């Protein structure tokens, strides 16, 4: 079972979309940049980093020159690089807005890591800036580009479960470095909710194609743990969807790695365990006939994401998860924090239609018939 | 893997405690009465039923005479049966109080199915009646007598998980007969919460050995489904425990059979899936070393329960799950329904100490070292 | 998930076939007699045992009278019992022939535990005796009456795997009592092969509907282990089927309980793990689409077996696994021991046609569409 | 769960061992060359290929120059490259001998893919050539460098299973291209046995640390399938080890991908399913306490292998799987083909001692305590 795909041939770069990767942290160096090698429609054309030595090493490793590495204060020079058509923002959340706006000003399309920003207000400003500049903005909701999560969505929406009644999802992991930027409210905008809990929230909205009408949340922030001086350690939250569907979610920086998603209907169940992970997603579809684990082709999730945005750029289409999709999660997360502070249910504005904040369907959609 | 144990030899009956089974519904006929055959300390001495033909058939099948079968209006004749030392009430919930009180008046010890009653008030009255009559009262919380759930409790309490952070539990099944007494509020006292959700509630309290300080619940009762005219179809609820531990629970009469329990700590996880079932319980204990599924001897859960109460009778001890344990669940369930009606968090009275409502530890306790 | 079915109503006994159970060892007492309670077409009418106290206890427990219990030397009195239409022989293997012949002489139909006898020659004599007496003889191959093994057979035979290439099966367990009759060659006729390895052999023949053309075997009989003075501890054997299909089998009295069956085709795989067990059979059907675990109704395997033979008696039909099916396994086992002794491949007589030694299909056949 | 490790920093190359990769087929391009990026002690310094365009593309992609790419007829020029200390032969099996001998003549250490050659005779000649030239030769038995297979070995050898009785292993996959060199006897030296069945053989020898005393094999080569004109489609084989341990193995080019390994002892079982794969190995250790799946750090298997040989070069030590280990598998495979042709058991020369053909233990040894 070879999992690593053929290398792209360099000559095809002319047709592919060049990305500048902004920020070379763990995600960039371990997932994104290696993953980009298998893209059909995208390639890494430049790197922006505050660590020039690290940048040069990456350049050498990935067939770039030293001239392709930029410090942050020369970010605007990317404006002159015609081969850089898009930038991928992989910075601490609080910097997303600034860099998205600077990129938009240069006329570059922007792919931005989740969460899109640190509040619904900032996130909306980013959407507005890109619209004004005439560039595309996509929120990097990786799960919405995988065949596994699409098969789960198809199973939920094709009626085989019968009407959906309840949803249960957990995403937690241990964050043990008290100095991590993810534990600073100013940099992160929140705790595990905005980092890992957002997967539960975003994926459930994606599976149902609908928006919650109300939320309730409770959080735990232990006073005596230096890691949690600024953000919550754990949050439990409920999302109330149209038709009485309720989703129970748990997220934490204080639990062994757990990532699950279960959708319960009267005639069947969809279970992903693990859900959300870069590799090894396992989907089980159960009904009265039995349990079915569909097989999926092994593909790099970051390639799928980069490719989708590249195609949208080429074809001038709104991506499946545009900035608006990210703004909506911020609205809901803002409401969750309000609920946790007040101890009250918080109602959300009604949103009509299905997939109200989404654009062009990605390639993963409809590729796999979900039920055997 | 033979699972059915040796038959008891009839001559040992003198030392065993004779039970009268009151009510021969599905639970009695399919689980309880067959299960009783493997008891070491208990046996079925009499049957009380409204259906004399069914009663006679059972009597023949289980080596009783026709004289051992009583209609409900001759219930008090059991008072003269010295060999009947205990009655097991397996009637619709709303009848529990009456029959427990009548049994107590006759001086018989009482094992009563869960939920103990239809409200905390009625449940407390039952406890008081038994106390006054000097007889023991036990709530039939089957899970608290199984080695599997005890191994889960040990894993939670022995510190190997690190501090517990979050708990997630689901218990749902389809109730499709609109005429079932379980769907009538007067007879059942509630919907899936009091029937199957109570397993989540009771088992989580058991695992932690602590009592919730607050609850929040939301329920769904579809107007157009004839099954749910009187009781909820589904309930989502949160239980807040000391130290910031939150348990998320889901219960429903509208989902495919699902019974799970997951306790998340910083160093490990306890998972039962399925939890709560009569057979086939699967426990996984995970830590950084790996995942471990301990093996357990195959034993009939009803025998374990009947035996524990029989031993308490012989040794004049308070059972592990006395009436008070059942009253406490009613207090919490009453609070859950109040929360669902009001949309507000409901605080509960603080309860100090561990296992505050429990008595003598059962045989399953400490028999299996939980972690390999 | 209640697993124990409704009790049969005694009045229906007139239409049901009464069995005399001959031998009350572990299998009878823990599986067969309890299982018989859920039969639709059969019931236990008499018991034959060398232990009168045990017999009486069982009689009381199962609604028989003391007059229904017979010692071996009064076996022939069953001849006068019109209500006893069949006998079920559950004795050490070396006694099968004698009791089948005595039963046939009385005009009783005979269900006989596997292995049918201790050699092909003796087994054939039993078939001949029953034929002459005009009574039916069935070999109690339990697996051939379960919906799980039928679903496996359907998956193998319906072509979805593509052509079958290889089969792998293991059946082993620890036999730790050196005094067990199963370890005496005279009583058992062999070691683990005739006791548990026969499940691999018989079930593979059943799945393919074909007969092996050659066999090879090697056995291990440790000189210094008192348990294995007379019979092998382990045997590894190959069965060569038409078309080049080879089955690899392992059987042992010296391994942790293991019971598996895997059929490998070019387009898919059928896996049972565990296979052969009384409860908890798990079937997985895999193809390029994914893995599927079909669900099956919970039924007592002994009831299915007793019912099939009862129906054959009523309808005067040859059972699915008649004596001839048992003779064929003896021919093959005799060849396996010859191969192990000689170190040579042993050829078997060619057998044409499908299911060459089988009769009327049982109820489990075709009840479940194997592939979701 | 990020799986892709940090990039090596180029400046460390001076201390690392430079490899020339000879042959850029699927294994090199998809596994080996990408995997080498995570080596601590090794790096790719040159490529040898018959396809110059492919070679250049790889050079660009992996930070080599065009001068680092050599056609086969300039192989000897590597002799002048001081930075190339080792060559890794990834060519069709029949070419292994020639290139190993040419490399040895240049004084380069040689890592050679499995099977080492096409016969025991050729394999021995390779060992002799390297010895004479004073260079190290290692057979690339990847599984012997993984912590998962070492944990299995530890479990087998530490006595927790009790004495090992039987082993069962399957390795099969579909080979559907009739033009593949693996289906040409001259190029491959055999069929699935030498390609995938060798994993069963080699890993079982590794687990036991002992050598088989006899073998028996049967093969199937369908006359009418154009793929199997020259080599077998499937082989079933038995390996007889000291103490009566028998291993049953199945290998095939005509079955859905299957890769399993099960070691059965009286007190426990070791199961790998899948075994042998590049990723996703799953190990279960079972005993009377339960089932345990240890967790392992995610590491690239090719890096582990390259690193081991690099360290042996630096420290002048015999690698754990030297050429002699590969010769021994050829001796056994030659015996298996002889057995299949003759239909007879073939005896092997007795080999005393444990790990008789192995050298310095690799890093994966003893890193993980196998049993929780």
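For reference, chains read A, B, C and D in written order, and residue numbers begin at 1 within each chain.
Throughout what follows, a contact is a pair of C-beta atoms (placed from the backbone, for glycine too) under 8 Å apart; a residue touches a chain by one contact, two chains touch by 3 or more.
Since this is a predicted model, take the numbers as computed values, not measurements.
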| item | value |
| --- | --- |
| Minimum number of chain-to-chain touching steps separating subunit A from subunit D | 1 |
| Centroid-based (C-alpha) most distant chain relative to subunit C | A |
| Pair joined by the larger number of C-beta contacts - A-B, B-D | A-B |
| Chain centre separation (subunit B, subunit D; CA means) in Å | 56 |
| Whole-Å gap separating subunit B and subunit C, where each centre is the average of the chain's CA atoms | 39 |
| Averaged-CA centre spacing for the pair subunit B and subunit A, given as whole angstrom | 43 |
| Residues of subunit B touching at least two other chains | 288 |
| Parts of subunit D lying in touch with subunit B, wherever the complex brings them together | 288-295, 371-372 |
| Residues of subunit C touching subunit D in the complex | 163, 165-166, 168, 170, 172, 174, 216, 218, 220, 222, 233-234, 236, 238, 240, 244-246, 248-250, 252, 254-256, 258, 262, 264-269, 286-288, 343-345 |
| Partner subunit B, residues of subunit C touching it in the complex | 1-7, 9-10, 26, 29-31, 34, 37, 57-58, 60-63, 257, 277-280 |
